[in-house]
């Protein structure tokens, strides 16, 4: 789960990391108010996407009137495909130098990694490797001050700036571990003309699997309405822009199913991993969800291990019965545990099951393109 | 620094370890009041010594009147050589079983050690080794629940009691690390008849060297008046019951000096390690402190490394000058850095210096016994 | 021969009395795996399928010569379970549990590495050496003994491929699930290394997916391997920025793309199947072309 | 020959710009120790006695072939300094600093052990191999080169004994101060082991004191030693329950008594001196009786 900049900065500030004075606002009047308190301000759209500066999402206002008019302009606008409903209004900084500083989970190394650079304020992916300082942290021992000094030294920091940097990095690491974060990033970390370092921008991506132990941290809903419903139902669901709805069991097989649909010339409407061992009810919910987006066809691809093929069949029948038919051509591929029972249940409702993935995929692509594709149209008992 | 039982329990309770309801009191009236609130109570003298139960320092009262009279009896009394000025009045427990549980610094293993036993309520040193469960904790990884379960399992705990035990041990370990403790002990850890575990007694010995980072924890003054003054002056000083005052530099050499005095038939009045590299002023203070206890003789034994012999001589002369003479025979042994200057300074004030420890020790013993011992009587300029 | 687990593996199931634990303990036993103990705190003294349950792994080790564990405990307690297994000296720890917080995973994997224990997973289907031992939740009938080693990130996709190989008469030495999380104990390279050294493996199938750089690192490693490798990579059609179920399966900031992985593998000489059902054909052709298997090491004959 | 430090030891002084650091850096240099760098955060670029100062140990290691450190930083920062030295790969870390919190000590010593670094101290006078290198605060003139190894808990007492040996013409191979704290990096046994293996040491003097069980463990170890050991134990006159300066020097709950230690040592064949000035005589008699020294290992002669 990604936090908005202003939320990340609240967490940073709680840990003692200096952030610019400012407030999050939802109206032009509030923006004017903050400007009248702070003087010259930066007005920044709060969206969960990078590159907002280039997209015009960061403006500067010298007067409350200007702040009000800029805020009015930004609120409600779309930036990077996301509607702006919140702005962070902050005192404008007198920038001397910009650094990059982050702590992230390094999957390959299985350890936290600190990434720092003198090239702050830009997308870190665009900074050449030789200008990055990377240091892994052993979870057994944590981060100690000597390592933060080493990193500061590598950035050629000296004196008071080096000490501030060291302190901020120790605190950022505390934010990272203390919040169960996947990424805690300050970009840019600004050295102001008065010699003080401040976190001018902040990102904090939290581990969804650890949110349960952080009731104090804010919650941010991501994705579309349907994606959120799916998430609440415990499904792993991603919307795509095609027209063939897909349900499979297992992330890898689901991805492969999408690839195969594409291979046969079709366009998948979604990724939906029903997981291993899901029961009738969750799978029925998942199918309902897929159908709510009005696809041209539905492919259910099950290799039954823990997942029982008869449960899959019952889920399909349940939805079809409830809706008075699935409404779209449905292609079902069933293999594995209780395969025979599943196939029988489908047959009783005039649905045919495939056993080969290739055939099923070819059939669903044909069905979506207008042909029947060998599958049923999903109206049971017809 | 040792905390009183009631202070230790306050720390325990802050960490979520169950302790009996109760309050510390300093008057019989308060004791009666607590008893009227809690019903039957235990009244326990608060002293920094073990074995108070056998010494009559724990009593039980069934009524406020009884509590008042017992408290009146206990307050002001001497128990184990210490005057009682505080009592802990606690609800009396219905005891089913008593356990021992502690986390301590194991110097030999260089790691924390957990010690647990089904033989609680007695001096743990008297419990046979085979009835103790000992487990070391690697500081890199800390204590995890599985180890507390293992220890509970070794004590044959089951069900809800095992879960409570595991929880209490995890919290006691947090007390230990979080307070920079040398020892965090619950003895006995009582299993009550209602099935709940409670810390019936508590010890918490803190690391003096780490007190600076625990401003929130209470301070307890230990030792005699003179010992406290010495401690405040940063001296390592221990009172003994002899009559020859001793100052040396270094803990080992100071101990050896006491041994040698005893070897020659004398009785040392104190241990005083002036430390390495002490200056004139602290050493003068130290000598003042020794003389304040009116010893029969003074031995200063210096092997000068960082400590400069001329500084030692100046300190002695300074005290003698200020007091118009040391007032007791003083034997000085000076060897090492700036030895010649030191000897010259002493000579100028008619004080003789030895170079062999044996001779110096023999001389001071003789002087304390009434002879002059070859040293000076400490009156300069005579 | 096989890697990681075989007929000498003596297994404790942690979380043996939960629904999942019970079910898969029975399945593993039925497969012939030597499941000798279960562990569930507070349930010591019970039995599951005739297997004794203990409160702690320490006790299980005291009473049985356990050398591996399969963990089914809930995510919030999984880290503790891994620490317990590693502390008890078990050499292979298979973590089925999913949704373990990534900081817990980093911590428990660091502990395991410091103690030279191999952790498979978390969020893995496990490890199976067909005909010898099954430590995990995979459907037994997809597998048969043979010379093909499989290493996969994903469960069902690898079942699919194993079943296709089995159907084609191409049995497996060992099938290893790395796990679908961003941080897992074993990576492709470490498993490839073991397959390379295993006399029972003649061809290796690598089942990868988009995201991360594990496949690229594997490609680099295969350059030094004597044994041929076949790969299948899922996620060709996945758009950037969307996480496809697995924590790792996401193309972020241009890294971990399908094309990048396929290119890396192909330029290292790996045969990459465009579709899953092409794998058996590629394996069969390589088995025919490959070197003869080394004879298995045998114990010296008894002297009496 | 010597143990722990010798003429090849290349030293960084951590806390080089403080009063103590400066003074002893100069003393060590004057003794001939190869002090090649100093470290003081924020003071990089300065010099102390002509020795360059760096901000970090990492930099000192980059610029010089450092393999040992002497630490003078204040107690609150000492743990960090030890971590830094060990992380940088230094094999011997001498911690002069006293009053380090014991939890810090346990942590830094655990880190050092995990990384196979030797920590001498904390609260030690250091290590000296007379004529070769001095890493610490001991007065140089108390020592001379020779065949006696000394290991002590206490500084001044060991200076006294070393000086008496030197005066008697009995030089030292190496003198090691374990440190006066309750938790220290090296114990008697570990140092005895090194002396036993050191061709340059023929007799070992152990200077112990009341408290703890280190002397008893040492006694047990000496039973297996070929080289003779002489001991002196301070604290005969100390009453129980009183801590005599050193964190360890206290008879608690009947453990660590003078009599117990002397008995353990004597029954292991160690000659225990009743008074410090008896040590040289005992050493001299053992040197006369003992085996001839092994020839020192020499580097192979150059071929040109």
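Lettered A, B, C and D in written order, each chain numbered from 1.
The rule is short, and it goes like this: a residue touches a chain if its C-beta (ideal position, glycine included) is under 8 Å from a C-beta of that chain, and two chains touch if they have at least 3 such contacts.
No experiment lies behind these values; they were computed from the predicted model shown.
Trainee: On the document's contact criterion, could you list the chains that touch chain A and likewise touch chain D?
Mentor: Chains touching both chain A and chain D: B.
Trainee: Give me the chains shared as neighbours by chain A and chain C.
Mentor: Touching chain A as well as chain C, we find B.
Trainee: Which chain's mean C-alpha position is the greatest distance from chain D's?
Mentor: Computed centres place A farthest from chain D.
Trainee: Looking at B-C and B-D, which pair shares more C-beta contacts?
Mentor: Result: the pair with more contacts is B-D.
Trainee: For chain C and chain D, let me know how many angstrom lie between their CA-based centres, rounded off.
Mentor: Chain centroid spacing, chain C to chain D, equals 50 Å.
Trainee: Distance from the CA centroid of chain A to that of chain B, rounded to the nearest Å?
Mentor: Roughly 58 Å, centre to centre.
Trainee: Take the average of all CA coordinates in chain B, do the same for chain D, and state the distance between these two points in whole angstrom.
Mentor: Centre-to-centre distance between chain B and chain D: 28 Å.
Trainee: Mark out which residues of chain B touch at least two other chains, giving numbers and ranges.
Mentor: 140-141
Trainee: Spell out, as numbers or ranges, the residues of chain C touching 2 or more other chains.
Mentor: Expected reply: 111, 114.
Trainee: Indicate which of the five shapes (line, ring, star, complete, other) describes how the chains touch one another.
Mentor: other
Trainee: Chain pairs that touch, all of them, please.
Mentor: Pairs satisfying the touch definition: A-B, A-C, A-D, B-C, B-D.
Trainee: With touch defined as at the start, can you tell me which chain B residues reach chain A in the complex?
Mentor: Result: residues 140-141 of chain B touch chain A.
Trainee: Contact residues on chain B for chain D in the complex?
Mentor: Going through chain B, the ones touching chain D are 105, 107-108, 110-112, 123, 125, 138-140, 177, 180, 182, 207, 209-210, 212-213, 236, 238, 240, 248-256, 258-263, 268, 271, 273, 276, 303-306, 335-337, 356-358.
Trainee: What does chain C use to touch chain B in their complex?
Mentor: Per the stated touch rule, the residues are 41-42, 44, 55-59, 77, 79-81, 83-84, 87, 111, 114.
Trainee: Please name which positions on chain C make contact with chain A in the complex.
Mentor: It is residues 75-76, 99-107, 109-111, 113-114, 125, 137-139, 142, 152-160, 163, 180, 182-185, 187, 207, 209-210, 212-214, 217, 232, 234-239, 242-246, 248-249, 253-254, 274-277 of chain C that touch chain A.
Trainee: Which residues, counting only chain A, touch chain D once they are in their complex?
Mentor: It comes out as residues 140-141, 144-147, 149-150, 153, 158-159, 162-163.
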